[in-house]
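Following are the structures in question.
Shared between the two complexes below is subunit A, which has subunit B as its partner in the first and subunit C in the second.
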Partner chain A sequence: MAQSQEEEVILKVKRFNPERGFWWAEYKLKVDKFTQFTEALRRIKSEQDPTLSYRASCHMAVCGSCGMKINGEPRLACKTLVLDVAKKYNNNVIIIEPMDYFKPIKDLIVDWDEFYERMFKVKPRLYQAKEVLEGKAEHRLKPEDQRELWKFAQCIWCGLCVSACPAVVIDQQFLGPAAHAKGYRFLADPRDTITEERMKILIDSSWRCTYCYQCFNVCPRDIEPVTAIKKTRSFTKLYKDKSEVAEIGERHIEAIHESISKTGKLQEAEVYVKAYGVLQSLIDLVYMSGAGKLKYMLVQSKPVQNIKEIKKILGGE
Partner chain B sequence: MEKIEYDAVVIGGGLAGLMSAHEIASAGFKVAVISKVFPTRSHSAAAEGGIAAYIPGNSDPNDNPDYMTYDTVKGGDYLVDQDAAELLSNKSGEIVMLLERWGALFNRQPDGRVAVRYFGGQTYPRTRFVGDKTGMALLHTLFERTSGLNVDFYNEWFSLDLVTDDKKVVGIVAMQMKTLTPFFFKTKAVVLATGGMGMLYRHTTNSYINTGDGFGIALRAGAALKDPEFVQFHPTALYPSDVLISEAARGEGGILKNVKGERFMTKYAPKKLDLAPRDIVSRAIITEIREGRGFPGGYVGLDLTHLGEEYIKERLALAVEAAKSFAGVDAFTEPIPVRPAQHYYMGGIDVDIDGRNPDIVGLFSAGEAACVSVHGANRLGSNSLLDTLVFGQVTGRTVVQFLKSNPGNPTSNYEKEAEKVVDDAYKFVKSESGVHFGQILEKLRDTMWDYVGIYRDEGGLLNAMCEINKLRGMISNMYVIDKSKVYNTEFFNALELRNMLDLAVVIAKSALERKESRGAHFRTDYPDRDDNNWLKHTIAYLRGNTVEVTFKPVKITRWKPEPRVY
Partner chain C sequence: MKIAYYPGCAAHGLSKDVDIATRKVAEVLGVELVEVPDWNCCGGGFYDEYNEVGHVALNLRNLSQVEKMGLQKMVTPCSVCLHSHRLATYKYKEDKDIKKKVEKRLEGTSVKYDGKADAEHIVWVLIRDVGLENIKKHVKKPLTGLRVGTYYGCQMLRPEQIMGFEKAYSPTSLSELVAVTGATPVPFPTMTSCCGFPLIGSNPKGALKLAFNVLNGAKQSGADLVIHPCSLCHLQLDSLQLKVKAEFNVNWTMPAIYVTQLLGLSFGFSPEEIGIGKLAIEVLRSKGVI
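So, the complex of A and B:
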């Protein structure tokens, strides 16, 4: 068994309070290879500096309290070992900051109110048939349905995905990855009775995600919020009352399908024009050239060799 | 001070608190839930293994609720109130099915019905589970359900103290943690569902927030604790984070080894070996460590390597994952570092089978904070989640009855008392120098672990009393360095410490009084169970600096005490 040899590390913590603003504090402490960041912080608080504030509860990655940025990555402090990070970055100085996106309240404690608001917007609870609720009928759930739903039900409301999501910052109407995971868990439950209302809440928003996979990368519970969003989008065809965003989204998907089946590649420019229409594309083009992104749109590429294979995979023609 | 009025106020957003609030709100009463963390961050989220339940038509055909009661009574070493255990068993199926209807994703059998697994101490398998995160699944379901009702949530609010008038509840003072604003919640009924107290001990599987606040609040208000000496220790907590490694690891063939590589359980339980009951294994590990055969740092190894990677992966995925994430240990190739840790509190606020405290009118309690008592001297695995839901519901319904038969508002001059509660709390912030909470806290946790832990004796307990009294003296000298008015966690840590100290002295004194060994309470100077003198509940009050201990009979309905052998 590995010995618990101690090593000295320096934690540089970005601190904040409204009276003083931001400042950095440095704490030197000895840790061994087993030490979690929550335990390191607890020791700093009780042995060195009781004024340091942070949230932590379960120390086993199920309560979602301890999200923070460790060397720039959004992580659960309890699920991260101090020496692992030191080794990964080959540096015994480690930087700890509050999560991005959220408003700081005090040191590593951020304001979650808006996050909770989005979570509650998706009506996060099962609306059962009345007879079932009253115990007059039993609704059996297939084991495979249980497994599918449980995957998305395991969200611990830690907010890491939201702090990593680029879309949620710029788009007020996007519910964000966590709320979508929660929303899908109930949208997909065969026992739920308010599917139409859920589609109304979720579908438009689901087309506002940029598919960057950041939420997928940071989620400590492997929820894959982006997968929930993808699956939610597939409900669009069942939904009558589509918003413009959803319609554009559907066209976008069709265009991608067409582009790939024709050339085997994603011809971004072509897809874009098809989805958003020529006029909007031209307007966007002006903005994009200003942002230096034009080069991506003008890349011309030849069709790939084995286009037949690709068409087979896509199930077309 | 701002004032706000409710029919009932529930302190605690864990399973027990939410269930009570659900019942009170469903009956049309105005209820507030105050929790120092957002409800889903409560300790209930950490429960893994499952919830025990006899479900008619969905259990072993030979099983019935009577076996369940018997298992509970025997597991609790006969200190269980048998009428309460019967209620627990009889309502178990109903409550699990209720949670299922509310959307809890219980694991399923192929035919779509709720699945079942076996747990220690059960005559027939009857534990229901949601993957390896049963507590989290139930807590989220119940929170989602309750948040859809007309319940006001005060999340990240810290409850300070009850205000009473002539042994009657008039309200409770709580403080918003973000702003440090105190509020007086005027109400006739308060439910304390504040959970356990693991942080009193150097080593615990509990959440950091389990600081026994409800026990401190109850004691200071003049309510008694029942059986406070009964503290459960789990033998295999991961070193050094004390994350729980489930009993399943030993059930599947894991072997405990000391630093010399010896299978030491051959000495302590030659027949049952590593599968001996929790208390026996815990004592064995502590002895090995104390006698210098533990690993540096103080732990032993739980060896799974001989089981083979395939088998381990299939059966013990969670243990492997925990060892990897929290200790950086590869359980396929090296032993998992483990040691015993505090796990559960059988003692608690004295309540009857309806959740009512007999000392103060309008005071109720449920969950781990309460002692009904269904766990007696030793709780069976998967009975605690059941306890939180069944007695959470029962208590909520009792509150509804109480409110119906006591209409009108509490009348009392609460203002001065409420101000005093806040002044007492602020004393820590006001002094300019002294000791800070960390210095006292670490001493307390060591004292409890060393002298009021797995092994106890008169000398050690006297020692502990003396030390705790000293620490209680020092607390008046405690000060808070952080003067910030926003989310001052140091201030709240200091208040938690006050609660911990009030509880610690009561535990130590009660343990000193009980001169026998029963369940989790082991006295090396009185190693046997003594039914003639000690088949009774301890009832302890805190009056200033003295602990008053009296006793109360155990309710026995059908099961006469017999030796606890397995």
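So, the complex of A and C:
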């Protein structure tokens, strides 16, 4: 087999230790089209600089230990080929940094303790019925239920989605995308017996997600944690002990549904008043007026003519 | 160039100025925007959490109308409408279970979606189909001296594999458009962060914090104002800007205008003609642009 052509790249690595803080180091090396970032880092460590620290284990996107930022993108270093990145950015100089959000320990190694705490908060295992545990009964999973759960069961706890998530940064009560993917996997499992407890853990938090799709974008396993969060929100109507955040959120989505069902469009003014109440709507009206936006307050989209079709599409009449 | 046009509910409501500026700019550039007949709401980025099958079906109804128009491209000025339609077609094509349920739901309706039409963003059309050189020809009043923060937000960029126009972590489209107007593009660290609009419906405090992070990021990078590509970012960053200001007790504003409003200014439209808000007018005046 012909030797794959090699190209020279420069890896600029953001390094850290507690004594010195952050600094940048540059490493030049030749790679071919098969070279993963974990392999490039291994070669740097063994051939150029034994002080460089990073985590890597399986080298096949299963263990989730080699998460880092590569040219600003949260990626698994083992699943990312050096020359693919050079090609995407049309530049053989590539920047490698530790994941955002996590506390750095040394170089590309970050502290995962808080991440694990979040993951364990959602009780990431199946709580089966007593009879099943005692071997007195079987609890089979239907194929359609398996299909629903499968995607969300693939999380490898790499933390990339959390490192990219803006809601985690501003809101300590938000569990984060990975914990929600894991939580929903058990919330939606018909064999699980602690549904009420899971709703208590997950529902308030699910309304704290901002739907920015960072987690969808960066997940190396295509899990779509944001989808798990959206699906978790649908459990809110089953849950009685709702927090204020969940209550406003539920009112808001109900108002959206009502508006689309009635007119086929989202009539903002009506949705606003229904979601936030008259007082808060009036306060916001004052702010909008100050910004010179009052003239558009009463502009309304024309309702859809074929409203009967809209109702049918929404699963109504 | 004739393209199906989907304004979306916000651009026919509180963000009407987005619609006004987009139509005027398109006309100058020779792009014929034909409004999709009897279009419906895309779900505003939320409806899939409430009714996933209904969400896909609603979006397919719009795209089916586009196919009936004999067109394949449906352009929207709203990143959320773009995202909602592209997510719906992605699910319809990739998820057999959803497809089956959607088809069942659409039985007996006028919706016939052949999978040919899809949504695109006006920014994509401007850059790829109209071209920066063509746009430049229409610049009558270069916005020299104006420093414009380029805010991309979330849904025009992510998920990258479904949006597909540019790199989610290093987008350049808005910088390219700003440069054409003669203004100076100012990329800033929070330019691809979330504006917080989706949180307004459940956690308004968190929403304002995210909006502040965006505006403050632009401020710290030396921008005079920011442009953005979304009717809903417009509500958050422009219409509610004074609420953000009050919440964080700052003495500055960072006006946010829609991308075609900036283009419209450079084409010679007055701020009033293209619906530019009060806060931006003050800045434009102080910079000698108007």
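The rule we apply is simple: the second predicted complex is superposed on the first by the 256 of 317 C-alpha atoms of A that agree within 3 Å, B and C clash if a C-alpha of one lies under 4 Å from a C-alpha of the other, contacts with A are read in each partner's own complex, and residues count from 1 in each chain.
Throughout what follows, a residue touches a chain if its C-beta (ideal position, glycine included) is under 8 Å from a C-beta of that chain, and two chains touch if they have at least 3 such contacts.
Note that this is a predicted model, so its numbers are computed, not measured.
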Which superposed partner A:Pro143 touches (first subunit B, second subunit C, both, neither): first
Subunit B versus subunit C as contact partner of A:Glu8, first or second or both or neither: neither
Subunit B versus subunit C as contact partner of A:Glu131, first or second or both or neither: neither
Which superposed partner A:Glu117 touches (first subunit B, second subunit C, both, neither): neither
Which of subunit B and subunit C A:Asp241 touches, first, second, both or neither: neither
First (subunit B), second (subunit C), both or neither touched by A:Glu197: neither
Contacting residues of subunit A [partner subunit C, same complex]: 71-73, 88-89, 144, 147, 166-167, 170-171, 207-214, 216-217, 230-231, 233-234, 245-246, 248-249, 252-253, 256-257, 259-260, 264-269, 275-276, 284, 287-288, 290-293, 296-297, 299-302, 304-306, 309-310, 312-315
Touching residues on subunit B, where the partner in the complex is subunit A: 37-38, 40-43, 45-46, 97, 101-103, 105-113, 130-131, 133, 135-137, 140, 144-145, 147-148, 178, 207-209, 239-244, 295-297, 301, 322, 325-329, 334-335, 337, 436-438, 441-442, 480-482, 484-490, 493
Subunit C residues within the subunit A interface of the complex: 9-10, 12-17, 38-41, 43-54, 57-58, 61, 83, 97, 105-106, 108-111, 154-155, 158-161, 167-170, 193-194, 196, 198-199, 201-204, 206-207, 209-210, 213, 238-243, 246, 277-279, 281
In the complex with subunit B, residue positions of subunit A that touch it: 1-4, 17-19, 32-36, 38-39, 42, 45-47, 50-51, 53-65, 78-79, 81, 83-84, 105-106, 109, 112, 116, 120, 123-126, 128, 132-133, 135, 139-143, 146, 149-150, 153-154, 156-157, 186, 189, 191
